[in-house]
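For reference, the structure discussed in these notes is given below.
The first chain written gets the first letter, and so on, giving A, B, C and D; residue counts start at 1 in each chain.
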C-alpha cells in the first residue's frame, strides 16, 4: 500500500502546480491530444502494481520506443552496434545536425533522432520482416499482444518529417545508412507510432528493472548485460539536453517521448510510467518530470 | 574476502593489458610521476577495506577535488548555486570555451574547468579563509588531518594555466566571476593540488555511498540530499566527454582527475578509488577505467 | 598583344609548379576527366580575346553556374531575393549544415550549396519552364546557343547527392523551400551540369565586366545594379572558405567550380576564365588559383 | 565640385533616415560621446578634399587602427606574418573565441580582436619602443604629427577588457602570443585609443588609394604590394560579420570602429571617412553605412 499512497499524494501535489508546458504540435495527430490527461503506473519487481489517473488510456509513446529498438539491435548484434552509434550525451537539442557533421555521420547515442534512425537501419539489415518482427519483440517484452502501430501517426510524421529526412540523407552521405532511405524512415515512423497505456508501459519497463526476466513467465527475454547497458544509456542520454537535469532531480534511468510519456526504472526495485501531454521547452513532459521528481524525493527511491 | 579476491583477480587481468595511455604533461610536476604506479582501494559501507598495489602512495587528485568544492558550495548555498553553474553534460572537451560563449558565461556543470572555477569563486564569497576552511572540510570528509595542498603543483599549474585564465576572464566578461581573478585561480589551483592515496580517497568517497554519514563517528557531515545530487552529477558529468562511456562500461557515479586517479561509489554499498597515471585520449586513466569496467562486470556491482 | 604575352608567360611558370591537387571524385563523371588539361582565356571589355592551352575544350562549370542563377533571380525578383538567402561569407566548408541550423534555414550566401538550392527553388517559382528558360538566359549571356546541360553529369550527381538532399530537407523544415524537393534538386543538378569551354566562359563573364552590356550587340542583358551586386558577392563569397585567400592573392571578383574551372572579372577592364581539374584541399583549382595569382601580380591588374 | 555636391546631397538624405543605432557603451569613455555627431570627408588621389558635418572633430578610431598595425607588421615581416594570423572572413561576431579554439589559436584575420592582438604581439617583437614607433608610423601615414593616443580611453578599456584578456590567454595557451600578456594588452589598448578627425582619417587612408605614395611629398611610405593586400583584406574582413553586406551595399575596401567611424578607399580614385557614433546591431556605424551606400550608388564609384 505504501506505493499507492505515495502515488496518490504525489498526484495531488502535481495537480496543484500550474501547467506551463505545451502539447507537441509539429505533427497534427499529436496536437489533437487533450492536455488534461494525466496518468502514472508503478510495477514492483515482485509483482505489485499501482496507479493513478487514466492509467489505461493509450497514448503515442514516440521516442520511448527507441529503448526497445536499441535493445533488440544490441541483443542481436552485440558490441558491433557501437561502431555505428555512440553512447555519449549530445549536449545539443535532439535533432541537431551539427555534431553529426563534425563527427562523420556517427550519432552520439541511440536516443537522439539520428541515432534511432541508424538503429532502424541496422534492424532493417538484421530482420526479415522488420515491421512484424519488431512488433512481435515489443509484445514479448510487454507480455501483451495488443500493442500496435498507429498508421495515422505514421502518415502524419511522414508528411512532416523533413528534419528526419535531412538526417538520413546526411548520414547516407557518410555511408552510415545502408538501406533505402524511404524504408528506413517508414520503419522509424512506425516504431515511434507505437501506442501504450501507462500500465502497459510500466509493465514493459519492468523487464529493465528485472534485468531481462519476465515477471509472469520468469522467462529471460533480454540478457542481463543488455538491461544494464540500456539502463546506463538511459541515465546519461534519455532526456535530450535535459538528461543531467533529470538525473539530478529524479535519479532514475528513463526515457521520454514527445507524446508526453516518461518511462523509468529502479534496477532491482520497480518500474514507473507517467503521462501528461504538455511538454517543457526541452521537449519533456512538464508534469511528468515534476511527478517523478516529487515521487523519488518522497520515497527516497532514486538510484543515488 | 570476496572483495579482496575480486580486486586481485581484476588487478592481474589489467596488468596483462598493454598500456596505451600517456602521463599528463601539461604541467611539469605531473609529468614527473612514474607511469608504472597502480593502486586500487575499496571500502564497504559496513567498514570493509580492501586494496591492491601501492594503495598508500599519495598522488595529485586534481579534478576529483571538484567533487568536494561543489559539495561544500551546495551545502552552504543550496539550490541557489545552480543559477551560476548547470548540471548538464557538456558533450565537449573539458576546457572548451565554445559552450561558455554561447551560453552567456554559465558553465554546463561543476566538473568542467569553467564550472569548477565558478564554484571556487562562490566559495571565496562564502568563506572567511577559503584556503584553510576548505582544507578543514576535506579533512573532515576524509576523517584524516594529513590531507594537504602541494605547493609545487600549485606553482606549476599557475605558470601554465593560460586556458584557465582565459576561462575566468571570459566568465568575468559575463559577470559570472565576482572575486579578484588571481585569487580565484590561486584557490582553484590549490584545490586541484590536493594529494591523497587510494586508501584515503576511497575512505573520503565512502561519505557519498553512505549518504553523508561518517563510518567511524556516524556523524553526519553532508546532507542526504547533497550526496544524492552530487552522485547524480558525477554519473552524467564526471568523465568529461567520456561520461556516457564510463556510465555504459562501469555504471557507477564517479570522477576522474588528470593525475590518473578515479574515485567512484555504489550508493548504499561501497566506494572505490583507483590510480594509474597514464591517460587515454579523453584525459581519463586508461588502466583505471579498464580496472573498474572489469571489476563491476565481474562483481555485478554496477548501479544498473 | 600585351595580354597574350602575359598569359603565355604565366602559363609557362605555372607549368613548372608541381601539381599538388586532386581531381574531384565524389561523382564518377567528374573523376573521369584528365588532370592534365589546362586552359585560360581572357576577354577585354573592348573586344580583345586571348588564350593559352585547350581553351576550346568544354568542361563541367559546376558551381560557376550559381553566378548565373542568382543573376537571373535577382533581375526578376529584386531585393526580395535577400529575404531567403544572405550575402555574407560562410567561414565554413561549402556544404556545411551547421550555420543553416543555427540561422533558421537561411543560407549565408547564394554560392554555398544551400544558397544555390534556395535560388533554384526561387527560379522554379518564377519561371514557367525553368529548365528551358534558364538555358535560354545563359545562352543570351554567353551570346552562344551551343551551351547545354550534360545529362550524364545530372544523373551522376543525382545518384550521389545525399548531402544536397539533406540540405533541401533541412531548409524545407524551416519552410525555406517551396517546391517539390525532387524538382528543386533536379533543376539544381541541371544547372551545375552546364558545360563551357574557357573561351565561352570568359565571354559570358565579360557581361559582368561590362556591367550588363553585350560586347557584340551592345544590348543590355543585365542591369548595372545586378552586375555590381553579383561582383561584390563573388568577391566575398566566391571561393567557399578560401574567399579571403583568393581576394588576397588574386584580387578579382570570381567564382570557382569543382570541375576545376575559375571565372573572374575586373570591372571595366576584362574577364578571364581558367581551367585545370585538380583541386586544392579547399575545393578550388590548384593551378587555376596559381595562374590567376601570378597573372594579376605580373599585370598589376587586380581591383585593389 | 562634383564630389562636394554628392557629399551634401547624401548628407541631407541620411539626415532624413530615423536613427536606429546605439552608441557603444561597453567602455564609459565611448558612452560619453554625443550620438548627434556626423561627419564625412573625401580625398581624391589628385588632391581634392571635400567634407560635410563636423569633419574636424576628433573621435576614437578604435578598430580602424588595426589597418595600420597590420600594414606595419606586413611591411616589416612580409608573408611570414600570415603564419600567425589568417586572411579569411570569420563569419562570426568580432570577439568570438569559438573559431580560435577550433583553429589552434590562429585568428581568422587581423581585423577581429584576436587577430589584432596577435599583430600587436608581433609588433612588440619587431620594434624597440612600440608605443613611440607606432605613433611615429601612423603620423607618417597621416602626414600629421598631431595624432595621439587617448590615455583615458586606454584606462577605460583596460578596466573592462575581460574578453580581450580571455583572448590573449587562450592564444598564449596555443603559443601564439610571445610577449608578456599585460604588455600586449596595453599596446593593443593604446592602438585602439588613437583619435583622428574625419579629415585626418581620410587623408591617412589616401595612402591605400594611392598604393603607398604620399600625396604631398610623393614619398613612398608603404609598398604597392602592402596596399593591395591590405585593401583585399579590408574588402573581405573589414566589417566583422557584416563584411559581405558592406561589400554588397557599398562596394569599397574599408574598416569600421566601435567609435562610429568608417574609413574606405577606391584604389586609384579616392579615400573617404565618415563618422556617426550610433552603431547597428553588428557593431558598425548605422548612419555611416547608410551614407556610404547612398554615396557609392549615386556616384557609381564602387569598385565593382
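The rule we apply is simple: contacts are C-beta pairs under 8 Å (C-beta built on N, C-alpha and C of every residue); 3 or more make two chains touch, one makes a residue touch a chain.
This structure is a prediction, so every number in the text was calculated from the model and none was measured.
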- Common touching chains of chain D and chain B: none
- Quick one: report the Å distance separating chain A from chain D, using the average Cα coordinate of each chain. 55
- Between chain A and chain B, centroid-to-centroid distance (C-alpha), Å: 32
- Query: Measuring from the mean C-alpha position of chain A to the mean C-alpha position of chain C, what distance in angstrom results?
  - Reply: 47
- What are the residues of chain A that contact at least two other chains? none
- Task: For this structure, give each pair of chains that are touching.
- Result: A-B, A-C, B-D, C-D
- chain A-facing residues of chain C, complex: 96-98, 101-102, 162-163, 165-167, 169-170, 172-173
- Task: Under the touch definition given earlier, write down the residues of chain A that touch chain B in their complex.
- Result: 86-92, 99, 108-109, 224, 227-229, 231-233, 235-237, 241-245, 247-248, 251, 253, 267, 300, 302-304
